[in-house]
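A, B, C and D are the chain letters, set down in written order, and residue numbers restart from 1 in every chain.
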Amino acid sequence: MTVFYLGAALFLLATILLGLIRVLRGPGSGDRMLAAQLFGTTGVTILLLLSLTLETPALVDVALVFALLAVVAAVAFVRQHGLPEPSGTPIHQRHGQKKEPDDDR
Amino acid sequence: MSDLLLVVFDLVLLVGLLGVAWRCLASTDLFRAVVLFITFGLLLALAWVRLEAPDIALAEAAIGAGITGALLLVTLERLRSIAVERRRGRPDEPPDPAGADALLHALHDPPPPRRTFVPALTFALVVGGLMVTALWHQPDAVGLEPVVDEHMGVSGVDHPITAVLLNFRAYDTFLELAIVLIALLGAWSLGRYDRLPARPAPGPILPGTLRLLVPVAIVTGVYILWAGSHAPGGAFQAGAILGAAGILLVLARPRDLPMAPSTPLRLGLAAGVGLFLAIGIIGLFIGPGLLGYPPEWAYPLIIVIEVAATLSIALTLVALFIAGRPAGDDH
Amino acid sequence: MIANTLTVILILAGLVFFAAGTAGLLRFPDVYSRLHALTKADNVGLGLVILGLMLQAGGPADILKLFLIWVLVLAAGTTAAHMVAQRTWTHGEFESDR
Amino acid sequence: MEWLAQQLAPGLIYPTAGAILFALGLYGLIRRHHLVLRVLALNIMGSGVFMVLLGIAARGEGPPDPVAQALTLTGIVVAVSATAFALALVVRLARITGQAMMLPGPPDDDAPVDDISREEHAPSTEYERERRE
């Protein structure tokens, strides 16, 4: 059983390293943030599997903290452009313009 | 079989860590560097787990996932807004001539000039090589584990790391709390800038998540603080979790909250250092020395100090995140 | 024995979802479809692994903690996906590579 | 196989990787100019140091050295507050000079500070306004 958990953790670690390609390539910042979010979930799973492999129950707490705080980076990400919304347009109106007017970059 | 897999796991993890650090420092796009740094923190927590340090992994989880990432992302936002403001110029002044350039540089760093390549590489190789040789020739030692183990009986707690932090080497922890406070004073001395404006939540999901997460974060923080006396956990980790919850609130608040009243805020920020010092001085007169406790009083005193330190660390982290003096206190 | 077999099956199924999530992240053409791959596959993957681990847990407290982790990750995943989608929708996609 | 597993024990490879991380951070610190990247490089150097400490603490049989772990915990909290302070300084510098960069060459040591910011950086309207107040 230990070997199985460890193998599963190793597999998940490999998926993280593969997913790094998306962070490196982008192209948009949304893609990068999404990849980081996926890594967070994968990390939680690895920690849970390791807690059984290494017989350290405290790792479940570590996983709990990761799960709890995974959202903070995403919320900080959406606060980028914390500037007031340009010209106060409703959020969905500006879809369809492929490129933003360069105003708030 | 299991040993072999562990070795493979270690190697893959370390290769990943080094690769992420390398790509992070080689990025021209700062946002990419920050996301890679967040990933670096995650992998680092796994490395601490492999080094049998769940306490450190817990702290890294709270700080790496919750605080550093948000701090860096918000710093990028501040830099961008500064650049945008400069480019727009003020209505009563001509626009900044360096404006467009400044915007380009705000979130991008051009590749470094080639002439620094050889000296930097040589310097880093020499330093790294010296460290590696020194490490390989260092003899194995048991360290201080037996000494700590021997004295666990008088420490007042059951978890060796908490015993070291709050009893055997209490002065380290005391000075560390002081440094955290000094960092905050330094940030405050820079003025009252860059308050993040409150924004209405984009849709119903964020407020709902907040309503779930913030109470759970508070309960988890208290749980981690309580667990510290007998298992991995303690004041730093709890403080970091509560601080991250506070940062989440600052980031996601839909409207401006009333400013924290000045005096209680300052009392809370200084509570950890102050209480620690007070108890330490009392120990000088009735106990075994400065920052020492009589063994029978050790447990309650440690708990009191830990609660105060948790509060102070959490408040300080949030205040460092906001990075400006509270408004209206210097008029 | 039965519990062990079930655990192995559940975790393997979870790993398949993780692999699918990563493949989607790498192969899908734009950020919205990647979002889709990630939030579906990833959370089900974690759910299956946690279900498998619950069978090995020591007591009700451990089971509750595992369940709480899953709920928290679900909430975080939902929120993060919504935030990223909203941001991309309003601010356009390629601003990171200017 | 046994021999290999023994050679690659965590007590050896993690400190080595820590030393490499330190060197990598140093390299980045020297070469990159943007201050946020420099803060990241400093953080990576710090992580390398922590990894060396914890790796050495985990050597040998039995539980790891709690003193080294406690020191690392202290170090992490100090590192995060120092990072926050450094980032606040970066933002302040960007407000004053318009750039979050270290300039490639050293400024003239004899020049008064005001002159440096005026000559080497963009002219800073905000800085001026502040001084007028």
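FYI, contacts are C-beta pairs under 8 Å (C-beta built on N, C-alpha and C of every residue); 3 or more make two chains touch, one makes a residue touch a chain.
None of these values were measured; they are calculated from a predicted model.
**Q** What chains do chain A and chain D have as common neighbours?
**A** Chains in contact with chain A as well as chain D: B.
**Q** Compute the shortest path length in steps from chain C to chain D over the network of touching chains.
**A** 2
**Q** So which chain is the furthest away from chain D, centre to centre on CA atoms?
**A** Between chain D and every other chain, the largest centroid distance is to C.
**Q** Which pairing of chains gives the most C-beta pairs in contact?
**A** Most contacting pair of chains: B-D.
**Q** Please tell me the distance, in whole Å, between the geometric centres of chain B and chain D computed from their C-alpha atoms.
**A** 13
**Q** Measuring centre to centre with CA averages, how many angstrom lie between chain B and chain C?
**A** Centre separation, chain B to chain C: 27 Å.
**Q** Per the centroid of Cα atoms for each chain, what is the distance between chain A and chain B, given in Å?
**A** Result: the chain centres lie 19 Å from each other.
**Q** Taking each residue of chain D in turn, which ones touch at least two of the other chains?
**A** In chain D, no residue touches two or more other chains.
**Q** Specify, in ascending order, the residues of chain A that touch 2 or more different other chains.
**A** 26, 29, 32-33, 35, 40, 64, 68, 70-71, 75, 77-78, 80-81, 91, 104-105
**Q** Could you list the positions in chain C whose residues touch two or more of the other chains?
**A** Those would be 68, 72, 75-76, 79, 83, 86, 96-98.
**Q** Going by the touch rule set out above, what shape does the chain contact graph take here: line, ring, star, complete or other?
**A** Other.
**Q** Pairwise, which chains touch?
**A** A-B, A-C, B-C, B-D
**Q** Taking the touch rule as given, give the residues of chain B at its contact with chain D in the complex, in rising order.
**A** So the residues of chain B touching chain D come out as 3-4, 7, 10-11, 14, 17-18, 21-22, 24-27, 30, 33-34, 37, 40, 44, 47-48, 50-53, 55-56, 59-60, 63, 67-68, 71-72, 75-76, 78-79, 82-83, 86, 90, 93, 96-99, 101-102, 105-106, 108-109, 112-113, 116-117, 119-121, 123-125, 127-129, 131-132, 135-136, 138, 140-145, 148, 160-161, 163-165, 168-169, 172-173, 176, 179-180, 183-184, 186-187, 190-191, 193-194, 236, 240, 313, 316-317, 320-321, 323.
**Q** Could you list, by residue number, the parts of chain A that touch chain C in their complex?
**A** Residue list for chain A touching chain C: 1, 4-5, 8, 11-12, 15, 18-19, 21-22, 26-35, 37-38, 40-42, 44-45, 48-49, 52, 57, 60, 63-64, 67-68, 70-71, 74-75, 77-78, 80-81, 91-92, 94-95, 97-100, 104-105.
**Q** Show which residues of chain A lie in contact with chain B when the two form their complex.
**A** 2-3, 6-7, 9-10, 13-14, 16-17, 20, 23-24, 26, 29, 32-33, 35-36, 39-40, 43, 46-47, 50, 53-54, 56, 58-59, 61-62, 64-66, 68-73, 75-84, 91, 104-105
**Q** Which residues of chain D touch chain B in the complex?
**A** 1, 4-5, 8, 10-17, 19-28, 30-34, 36-37, 40-41, 43-44, 47, 50-52, 54-60, 62-74, 76-78, 80-85, 87-92, 94-95, 98-101, 104, 121-123, 125
**Q** Which positions of chain C touch chain B when the two form their complex?
**A** 68, 71-72, 75-76, 78-79, 82-83, 86, 96-98
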